[in-house]
Amino acid sequence: MTQTAQADLTPSPLRDERVGRNSVLARLFARPEMGAVSGAIVIFLLFFIIAPPFRSAGSLATVLYVASTFGLMSAPIALLMIGGEFDLSAGVAVTSSALTASLFSYEFTVNVWAGVAVALAVSLAIGFLNGWIVVRTGIPSFLVTLGTFFMLQGLNLALTQTITNQVASPDISEIQGFSAAQKVFASSFTIGGVNIRTTIIYWIVVVFIATWILLRTHVGNWIFSVGGSAPSARAVGVPVAKMKIGLFMGVGLLAWFTGMHTLFEFNTIQSGQGVGNEFVYIIAAVVGGCLLTGGYGSAVGAAIGALIFGMTQQGIVYAGWDPDWFTFFEGALLLGAIVLNTFIRRRAEASR
Amino acid sequence: MTQTAQADLTPSPLRDERVGRNSVLARLFARPEMGAVSGAIVIFLLFFIIAPPFRSAGSLATVLYVASTFGLMSAPIALLMIGGEFDLSAGVAVTSSALTASLFSYEFTVNVWAGVAVALAVSLAIGFLNGWIVVRTGIPSFLVTLGTFFMLQGLNLALTQTITNQVASPDISEIQGFSAAQKVFASSFTIGGVNIRTTIIYWIVVVFIATWILLRTHVGNWIFSVGGSAPSARAVGVPVAKMKIGLFMGVGLLAWFTGMHTLFEFNTIQSGQGVGNEFVYIIAAVVGGCLLTGGYGSAVGAAIGALIFGMTQQGIVYAGWDPDWFTFFEGALLLGAIVLNTFIRRRAEASR
Amino acid sequence: SSTGGKKAAQGGEVVSAGHASTPRYTIAMITHAAPGDTFWDIIRKGASAAAAKDNINFKYSNNDDPTQQATLIQDAINAKVAGIAVTDPDPQAICPTIKKAVAAGIPVVMFNAGVDNWQQCGAMEYFGQDETIAGVAAGKRLAAAGARKVLCVLQAQGQVQLEARCAGVKQGLGSEGTMEKLYVNGTDSASVQSTIAAKLRQDKSIDAVITLGAPFAIIAIQSISQASSSAKLYTFDTNAEEISKIKSGQVQWAVDQQPYLQGYEAIDSLWLYLTNGDTIGGGQTVLTGPSFIDASNVAKVAQYAERGTR
Amino acid sequence: MTSRPGHQDKTAVPLVRLADAGKNYGSIIALSGITLEVSAGDVTCVLGDNGAGKSTLIKIIAGLHQPSTGSYEVEGTPVSFASPREALELGIATVYQDLAVVPLMPVWRNFFLGNEVRKGLRMDIGFMRRTCKSELLGMGIDLRDVDQPIGTLSGGERQCVAIARAVYFGAKVLILDEPTAALGVKQSGVVLKYILQARERGLGVIFITHNPHHAYPVGDRFLLLNRGRTIGYYAKEQITRDELTGLMAGGGELEQLSHELEAMGGAAADAAQVLGEDVQELGIARRPGSGE
Amino acid sequence: MTSRPGHQDKTAVPLVRLADAGKNYGSIIALSGITLEVSAGDVTCVLGDNGAGKSTLIKIIAGLHQPSTGSYEVEGTPVSFASPREALELGIATVYQDLAVVPLMPVWRNFFLGNEVRKGLRMDIGFMRRTCKSELLGMGIDLRDVDQPIGTLSGGERQCVAIARAVYFGAKVLILDEPTAALGVKQSGVVLKYILQARERGLGVIFITHNPHHAYPVGDRFLLLNRGRTIGYYAKEQITRDELTGLMAGGGELEQLSHELEAMGGAAADAAQVLGEDVQELGIARRPGSGE
C-alpha cells in the first residue's frame, strides 16, 4: 500500500495551503448586489446607445426620479425579505397614507401637518398589524399581506367615495401648511440647468441607513438570522417576533414617506393608485440579490434593482419602441438582466 | 438519589405507552386541506343565511362554475408549489393559449381543431421553457415566471394587434369545427332544471387525478421531495430537474385547457385578459394548505381554496353589499377564512 | 371550404387620405388608457391615420396611473418633441406637467378627458366629450326608454372616467329611475359574466344594464340570458362584434363619442398648427359626441366598425 | 472529590431543578416524570437510547419548550420560560443537537448571534472576528476564513462553532447535547477539557452523550432515560462504568449481537470475533488482553 | 482473513478506484491528491480530523460532486457522474453525514424515496410501510408511527432511517459517513454488525468515523486524511489501533491537553487525572488496569 509523506499538521498563519488564489473579480462578485450592478450597466449602455433622448441630463434626472419612487420602498422591502417575510400590501399602503393625510386635513380642514402626522400613525399601525398577525398566527406573510392588500385597496376606494363622493382625493393645495409640506416632501433643486428631485437624495440616504443597519449593527445581524433560520435565531435568543414586526413597521414608515411625496407632488391622489407597485418593489429587491426564502440580500442591491426597473421603463419610451410591445420588452429586459446577473456570478465563483 | 423502577425495554406491539389517545377530530385536521374545508363551510353558511338569492340551485351552479375556472388551474399550481416553485405567468398563459388557437385558425382560415392543437403545443412549450430556465439557471421561479409573465402579456397584445390590428381576437364562431370544439370545451347540461357547466366535471376529474398522483404514485413522492428538500431528493436519486420541468408543463397543459374553455365560451378573447388570475390560483392553493416554501399541500385543498374564492366573489354580490366595499369584504373574508383555518388546526393539534 | 376567418374578412382596408410633404415632425400622444382596451385602440388608429397622412413621426404611450402618465409627459418634454396630444383624467396631477411642456414651448392639445381644465392647463385645443356629459345623455335616453332601475357595470375600480360615466347616467336618470354600480374584474371574462348574472339574480327589479365598454356588453348578453332576466342591455363605446349585436337587437344602443375622430383631430390639429399656425375651435371645446348608434343608423356604421375604426 | 470548589454549593439550592417534568408533542409523549437537579460545580450526564427523550429534556431546561407537566425551578425560584432568551439571561447556555446555526451567515456572525459585542450603536466587528477565530483555534479548528458561510463548514467544524459559542457565553449553566458526536479525537478531548474547566469555575454542566468513555470520566451524576422515562439516577460513587454502559446499551443485547453472528457460522464466526472484540470495547464485558 | 469469500475478488478489479483525486469549492481546496481502492468484501475506513475532507471524498464517490482533479473508476471503467442517481444505478448506496432526508415527509416515504416499490402504476404502500417499520426495529428503533414526519424524529432515529435505507438498497458498495455519530451504544453495535454482514455478502464498504473503537475492529484498510491530504493508507496488518488513534488525534496533542490541566495545578490536577484516564480510553497510551 502506498504511504505518502507526512504533511505538516500545524496551521500556517502566513499562507493557508488549503486556499487557492482568489481573483479580485471573484471577491467582488461574491457580494449579493454585484450581479445587479452588471445588469444595470448593460441596460444603461443599451439605451444610451439606441435612444438619443436618453442621453440628456434631464432624462437621466427623470429616470433617477422614477427609480427613487420605487427605491424608497424597495429598501425596507429588501430588509423585510432578508428577514424572511413578504409585504404585498406595500403598494396600496402608500396610497392609503396619502389618502389619510389629504382626507383628514380636508374633512376637518386642519393644517396639513396634522394630516401628515395622522397618516404616519396609520401607516405604522398597518405595518404593525401585518407583522403582529404574521407572528401571532404563524400564517405566511404572503397570505396575510395579500388579505390586507385587498382590504386596504377596498378601504381606499370606499372611504374616499363616502367622504368625497368621488374616487380621487380633493385638491388640498389651498389648505394651510401645504407649501411647507411640499418643500419637505416634494421639492427639487437645479444643478447646471438640470432639475433634480429631492426624493433622489432621500433615496440615497435611506439606502445608506438601511445598509449600515444591515452590515454594521446587531439589528442587522438579527435581521439576517430571523430570515436565514428563525428557529435557530430564536434558540440563541434573538427576539424573532419583535424583529419581524419591526421590519413590517419599517415598510410602513417608508410607505408613509412615499405616500406624502406622491400627495404633495400631485396635490391629489387617486384611490385606485398603487396597486401592482408591491411587485415592482419585490422585483427590485430580488433583482438586487435578495433571496425570496430570506436570509440573504442587500439594500444597495435593491436600490440597483429599482434603478434597473426605472431605466427599463423609461428607456423603452425614450427608444420610442412600439407601445404594444412595451410589456414584452420590459419582461425580456428584466429576465435578461437577471440571467446575466446569475451567469456572471456563476462564472466569477467558478473562476476564482 | 432516587432510583425509579426499571421500565420494560421491549416494544409493546399492542399499545405504545409513548402515544396518548388521539381524537378523531385531531387526526382529521392533520390533513393539510381540512382547515380550508372549515373555512369553506363557514363562508358558505354565512352567505346561505344572509343572501337569499345565494340559496337557489342556479346560483350555486354559477358559483361552482366560477370556482371551476379557477380550480382547473389551481390544481396544477398546487402541485407546482408542493414541488417548490411558483408560476406567475399562469394567468396570462391561459389567454396566450386561447389567442394562439383563435388567431391561428383565423389567420390561416383552417379548422379550429388545428388551432387547438397548435395552442396545446405552445402552452406546453411555455411550461417547458419556464421550467427549463428555472432548473438551468437556478434563478428563483418567482423571478423567471415574472419575466415570462410580462413577456407573454406583451406578446398577447402585440401579436393580436399586428395580426388583426385590434386588441381582441376576431370572432371565430363561423369557422369550421367550432361547434364541435365548443361541445368539448364549453358545453353544459341540465339536471332538474339547473344548468350545469361541464367545466365543473372536468375540474373534479382533474383534482381527483392530481390527488391520486400525489398520494398514490412514486411521482407524487418525488414531487413532495423536490419541494421539501431538493438537495436531499437529488442525493437519493430523484431526477429533480425532470420533475420540476414536468410540473411546469403540467401547468401549461391546464392553462391550455382553461384557455380553450374561455375561447369557446366567449368566441373571442381580449388580449389583456388573465392578468391577475395567477394570484387567484396561488391564493387558492395556499388557502388550501400548500406551503409557499414547498413540500407540503394537497390538490383537494387547492380545489377548496378555489371554491372559497368563488363563493366570496359571488356571495358578496348576492348579498348585495355596497360595491364600493367589495374588495374590502373580499380581503376581510379571505383573511378571516385563513385565520380560522389556522386557528382550528392549532386547536386540533393541541387538543389531540 | 370554411366560412369566416381572415379570408372572409378581407377587403376592410384602413382609411388613408393622401400623404403630406411637410417636414417630418415628432408628436407624442400620451393617454391614460389601460393596455388592450378596445376604445383606446380606436383612438390610436385615428391618430396613426392622421400621422400617416401628415408625415408625422407618431409616438404613442399610455399609463392609467396619473403619476406615471405625468412622467411620460416629462419624458416627451425631455425628448423635445414638436407637439404633445394628451388626455387629462386627473387635472391636479397632470396639469403641472402639461404647463411645463407649454413653458418649454411645446404646443399641447388635449382630448377625451379634462374638458373642464384644458384652458387652465394651457392647452391650445380640446377634442372630445366630457364623460359626464356622455353619461347624462345616456341617462336621459334610458329614462325615456322607461328604465327604472339601471345597473352600471364598471370593468375596473377607482378609474375617474368610468366613475364619471356612471355618475352621469345617475344624473341623467334624475327622478325617473335609480342607478346601481357593479364592479367586475375586466380581465376575467368568466367572472365578469358570472358576477353580472349574480347581480341580476340578486336584484330582479333591474330592468336595464349599461356596460362601459364594448367587450363587456357582449359578455353581459350571456349573463342576462343566464340569469333569465328581462333587463335590456345598453353600452358605451363600440366595436365590430357589438355593432352586430345592435343589428341583432341584443344590444339596444351604444353611446358613441367617436374615438377615431378624437385621435385623428388631436394629431391633425397639431400638424396644422406646426405647419400653418392654425387653431381649431376658437378657444372653445370641440365636441365629438355624444352620438348614439342604434337600429336606425347601425347599418351605416357597421362597415367601418368591421375594420375597427368605429 | 469534595475538595473541588464547586462542591461548597452542594448544600445550597441547585441551579436547575426539574420535578416530575414531562413533555408531549401532540399525541406523542416524548418525556414523562423526570426529576433532575443540577448544582454549581457539578456535571450531570444525561444518558439513554436514541429517542429516549434527552434532547427534549434539555430543550425544556433551555427554555425552547415548556414542560407539559411538572415544575421547573432555577436557583429555587419557579420559572416558565416563554423563549430561550429568558433562559440565556439567567446564564443558561446551550449547545443543541441540531446546532441552531444560520447556514447562510458567516461563521463569526453566527458565533456572536444574540450576544453581539457593541461599540456604541455599531458592533465591534474587528473584535468579534478575532475572538471567533481564536476561540475556534483553541478547539483545534483552524478555519480558512471566519467570513465563510457556516453552512459550508464540515459537520464537526460547525459543531465546534456551536460549542465554542456556548462555552464562551455560558455564565451559570452549560448544556451540551451530544457535543462530541461529530468531533474528531482531538476535538473531543478539548470538549471534555472545557467541561472540566467549567466545573472548576463552578458552573453547572448538563452533558448528553452516547459514549460511556466520555460520560464516565467527567460526570458527577448520571441520569438514565429510556422511552421517555427515568430508569436510573446515580451519583458517580454508586455505579461503575461497566454497569453504566450496560444500562445505556439496554442490557445484554449487545452480547446477543455477537452470538447472532457466531450462529451464522462459517465465515461469520471470525466477524463475530471482531464484533466481540468491539463489544468489549463498548465496555460490556472486558476480558484481559482486549483490543488486538 | 483470506478465508472470507469477498477475498477471492481481491485479485479482481476494485469496485471503486480513485486516482489522485481532488476537489475545490471555489477558491477553497477541500481535497487533493487522494488515491483509494475499494474491493469487494473489503471495509475501508476513512479517518481524519474535522474538516480533513472525508465527507467531500465520499461525496465524490457517491456522485454528488465531480472531482476537480484526478480520475474515478468503477469496476475498472472510468466514470464521471452527473448526478447521484447514476452512482445509485451502479449499486453505490450512501449515508450522508447530513442524512439527506426530507423533513416534512413521513418516515416511510423517506425510506423508499427514489426507490419506490411499485405495483403497476401505483406504489405498494402497505409493503413499504411494513418494511420500513421492520427494518428500523431491526436496528433497535421502535417507531411510534412510520407516518410521523421524519423531521420530528430524534437525531439518532433519523440517522438510523438513513442507514437502514442505504443497507436495504446497497447493492455493491456501501458508503457510511459517520453513521454511528448520533447513535446509542446498542444502535452503534447494530451498525457495526451491518457493516460486517455487508462485507460477508461481498460488498465494498467505505466507513467514516472518529471513533477508533469502531474503526479498528471492522476495517480492512485505513485511509488517513488531514487538511485535505492523505497522511497514510494502511492495511490492517500494517498498523495497531494505538498507532491509528495516535495518527487520528494528530500526535501527542491529547497528552498535551492533560499536561495543560495539570499545569493549572490545585483543583485542576484531579480533573487532569480524570482527563488523563479519558486520554487512555481514547487509546493514546494504555497503561494496565485502565478505567477503574
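Order of writing sets the labels: A, B, C, D and E. Residues in every chain begin at 1.
Keep in mind that, in the parts below, a contact is a pair of C-beta atoms (placed from the backbone, for glycine too) under 8 Å apart; a residue touches a chain by one contact, two chains touch by 3 or more.
Only a predicted model underlies this, so the values are computations on that prediction, with no experimental measurement involved.
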### Query
What chains touch subunit A and also subunit C?
B
## Note on the structure
Touching both subunit A and subunit D we find B, E
### Message
B-C versus B-D: which interface comes out with more C-beta contact pairs?
### Response
B-C
### Query
In whole angstrom, how far does the Cα centroid of subunit D sit from the Cα centroid of subunit E?
22
### Summary
CA centroids of subunit B and subunit E: separation to the nearest Å works out as 44
### Summary
Between subunit C and subunit D, the Cα-mean centres are separated in Å by 76
#### Entry: For subunit B, residues that touch 2 or more chains besides their own
18-19, 157, 161, 324, 326-327
### Query
Which residue numbers or ranges of subunit D touch two or more of the other chains?
28, 144, 250
### Task
Scan subunit C for residues touching two or more other chains and write them down.
35, 157
## Note on the structure
Chain pairs that touch, by label, are A-B, A-C, A-D, A-E, B-C, B-D, B-E, D-E
## Note on the structure
Counting only contacts in the complex, subunit A reaches subunit E at residues 1-4, 6-7, 9, 17-22, 26, 349-350, 352
### Residue ranges of subunit A in contact with subunit C within the complex
53, 56, 58-59, 62, 65-66, 69, 153, 156-157, 166-168, 171, 173, 262, 265-268, 270-273, 314, 317-318, 320, 323, 326-327
### Query
Which residues, counting only subunit D, touch subunit E once they are in their complex?
1, 3-5, 25, 28, 48-52, 55, 97-98, 140-141, 144, 148, 152-157, 159-160, 178, 181-190, 192-193, 196-197, 199-200, 210-214, 217-218, 240-241, 245, 248-250, 253-254, 257, 260-261, 264, 267-268, 270-271, 274-275, 277-279, 281-282, 286, 291-292
### Task
Would you tell me which residues of subunit C are touching subunit B in their complex?
1-9, 14, 34-38, 41, 45, 157, 180-183, 185-191, 193-195, 197-199, 201-203, 215, 218-219, 222, 226-227, 239-241, 308
### Task
Spell out the residues on subunit C that touch subunit A in their complex, using ranges where they run on.
35, 59-62, 65-67, 70-72, 74-75, 77-80, 90, 92-93, 96, 156-160, 163
